[in-house]
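Chain IDs A, B and C follow the sequence of writing; residue 1 opens each chain.
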Amino acid sequence: MKGRLFIIGIMLLGIVLILPSAASFAKPIKVLAQFPMSGPVGSLPEFGWGFIDGMNYINAKGGVNGQAITYFVEDMRYSPTVEVANFTRYAAAEKRDEFILASGYITGGLKPLIDKVNKEERIPWLDGSYSTEVFGPGGGPSKYPYYYSLGATYGDQMRVLLNWIKEDSKGKGKVAIVYSPTEWGRDPLEVTRAHAKKIGLQIVAEEEYAYTATDATSQVTNIRKAKGDYVIYHGYSAAPTHTAIFMKTARQYLKKATLLGTHYTTGPYMILTCGKAADGMVGVSCRPQGDDLTNPMVKMSHEFADKYKRKDGIKDMFLYMEGLTYALMFHEVLTRADTAKELTREGVKKALDNLVWDYHGVFGGRGFSYKSHTIPMVRTYRCKVEKEVEQAGKKVAVGTWTPISPWINTDIELK
Amino acid sequence: MRLNEEMTDLIQTLGAGLLIGCVYGLLGLGIVIIFRASEAFNFAIGEFLVVGSFLFYIFFFDLHLPFLLALPLGLLAAGAMGAIIERLSIKPLLGRSALSMTIITLGLASVLRSSVQLIFGAHSYSFSLELPDTSLEFGSLLFPSERVWAGLLSVVTFGFILFFLFRTRWGVAIRATSESQAKAMAFGIDARFILLMVWALSSMCIAVAGVMISNFGALSFLTGIAGLRAIPVVLIGGMDSIGGALIGGLIVGLCEALVGSYIEPLGLVGFKDVAPYLLLLIVLFIRPYGLFGTVRIERV
Amino acid sequence: MLSVENLRVVYHDVISILNGVSLKAATGEISVIIGANGAGKTTLLRAISGMLDLYEGDIIEGDITVGNSSIRGLDSTDIIKRYGLTYVMEDRPVFWYLTIEENLAAAAYSRWDGAVKADMEKVFRYFPVLRNLRNQKAGYTSGGEQQMLAIGMSLMTRPKILLFDEPSLGLAPLVTEELFRIIQQLNREGLTVVLVEQNAHAALSIGHHGYVLENGRVVLDGPAVALLDNEDVREFYLGTGAKERRSYQDAKRYKRRKRWL
């Protein structure tokens, strides 16, 4: 008898203790962000830092209407299998009404997850891929209702580049495309070929460039044989060594050619690793440059970097800014969904579809709707490498990317 | 005599192949001299390449020493590193089987690779030596300066090593010890110190090759992949043949260049990395010890 | 004076080869050690010259002294340098792929004085045949020439004590004669010699003192001439001495107890 009383007493005590905290046992908000922080595209931990710092900032300010966001960050090492595996693991482990938003960062991961994300889990998925196939004219929200891209498709980027080449060469330019043997690399090729034909430019060489390459001579000599004078490099970021190898080899062998690049090659990393070889390069980017402090989002990123003491480790502010953007974006749509009293996967999707936002001023104050599931803003820049200067005791090539075009909305303004 | 376009292409390809072949030959030499002395294959060659290049980087880019000063200092540092590594990981195995030593180099490769990442980070370092321009241009033939320097310095280094091995007393001692440690010890040659010297020399060769290769692009811990080119080089040339290392290097260089120019455009991208191994298989079928390996003096 | 006291040597920690060997090599004399195969002669020389390590052998007891200092446990390179004791290994220890001249240079490696060239000349005077072959790879020379070269190389280390391990093995009788003549000459010029030999007769003929090694022990020693006359030595090592035809039964050696003293 005494034993039984004792147990009941303990239980009651337990319930009494739990009750007050039960009030704060609101449904947790869980999100998963995956970034390529290591692997063949190079070492890019800034992604993760930006996201984590952003999340901590948001949660410190109250999170989503008072509730903190539980976030998971994974390094998918630029491998589609790893990305898919991570997502599958979390989707299986977490509850549907708690785990309501996810992001990825590789074109090659989108395809295997089409059914899982769009049909099975029905969870909104933001991606750093700008795949033409998924987000371009052949895909889009009708086919992939839960996929959202944070930029303009590569196909669009290539079209912008081709238009620039046509103008610069007065229609006579010979274009060579060097791409990585990945989904990312091959993605825009068809659109590029079609567009080149349309505007009357010749594509004289298409060279695949593997990331196990130690040497770019064969690709470059082929371009030289074909007399290409505009070389577009696509499918790698500027971080890994083989980009530098290609750029330098191209510079040596193709003395008069102009080198061009798509979104992920346009940034300070290119100058850092390639030095003088990057001088004169033309690139497109879906974001402002990381040192453009007139841009409110850039300014905010710098402030964050200072606040969270990341300054020394950041090689490319763009990456940090990107991670931060994801965090802010997550927060924005989750808050909107919660305010509409629909903090569920469907609710978040609705919030995204109806989103009209200026992304904290990233695009110079212009806001967009997310109806097309892409942010189709692109700008062309030119790289100028000044002489090497002393910076923290090291000789560092210093240069800038200066915009040579206004922001182009590829949905509306691109012909 | 006007060369038609095909001839020009061929000469361009062959020239490029020979130039890079010299660098590969130097890498092969690094392997061969260790193999002759310790009978071990240094699988950590890629990592030695990277560490040597980083040591040079410190002298040239960080400390801003002029090239003529930075290079010898960097090489000395690389040699010292090779010696330290030998003391710590190889010497304890003296007398044990060559297989043990070879396996140790595998572990060594891992340790070195991780250490490089820890110390220098995982990103790429811009690497432009900006040596005086020696590019060769004849009509539409073009051999960029970096490549010419690579071939030149590799051959010069090779020559130094040959001179050292065949015209100095230390060279004689090294060759004697490589032949028989026991006999060497019996005549007062400290075989342990000789091995140390051999590892130091090998590290220096590999460092020179590393600096040249880094100059083609950028330097990061991944640059070491190029070191594995040494495998077909020494297996084709003969694991214990010094001359074979150079010939093997040139052959691999030519093979790579020819495949890159003529076979890859047919669609087999990346084949030029595989081709030397196929060639290796063919050579081994005909000469199992490599083209110049294991020449034995037979007592009749 | 080289002295070995109660030396016990073991290979691979388990195989006991020398079981308490004691002998002395007087300065300026030729001391001869004879014995059957497997008696431990080579092991003894390796132990004295500090080469046991290479063969995974250990001295587990006993001492080796040169003069007043113990050289037990020292490295071979130290022993050569500090005590002038050089070991000429068995089977003609020359470097086959080096030329004769390079072989001599290699042997002189540990010396930093400038007299190397002069010493090479001295070697060529001892062995004129080597001078003609100086640029030949050693592996292509004949057995006798290689043995000359080996001795020449040992001379390059400026030794005071020389250990010879079966130098006449595999050599023609005339060459052997020449060889022993040279060893005698070196000894007359002041070199202490320890000569291990299978050819007991020739060795004892030029030796001053002799030791018989059997199963890792010294079983007999005495002045070389005395050994030459000893009945059992004659029978077992010199191949002579059978006084009359024995019946097969009596000839069974293992049955006959050897009286050594």
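Assume a contact is a pair of C-beta atoms (placed from the backbone, for glycine too) under 8 Å apart; a residue touches a chain by one contact, two chains touch by 3 or more.
Since the structure is predicted, the reported quantities are computational estimates derived from the model, not experimental observations.
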Core chain by centroid distance, with centroids computed from Cα atoms only: B
Per Cα centroids, the chain farthest from chain B: C
Approximate Å spacing (C-alpha centroids) for the pair chain A, chain B: 39
Centre-to-centre distance between chain C and chain A (centres being mean Cα positions), rounded to whole Å: 79
Chain B and chain C, separation of their C-alpha mean positions in angstrom: 44
Footprint of chain B on chain C - complex, ascending: 49, 51, 53-54, 56, 75-77, 80-81, 86-89, 93-98, 102-103, 105-111, 137, 139-140, 153-154, 156-157
Touching residues (chain side chain B, partner chain A) in the complex: 9, 12-13, 16, 20, 61-62, 64, 121-128, 135, 142, 144-146, 213, 216-220, 222-223, 225-226, 229, 256-257, 260-261, 264-265, 269-270, 272-273
Chain A - residues contacting chain B, complex: 38, 42-43, 181, 208, 210, 212-215, 217-218, 221-222, 224-225, 239-249, 252-253, 272-276, 315, 393-397
Contacting residues of chain B [partner chain C, same complex]: 95, 169-170, 172-173, 175-176, 179-190, 297, 299
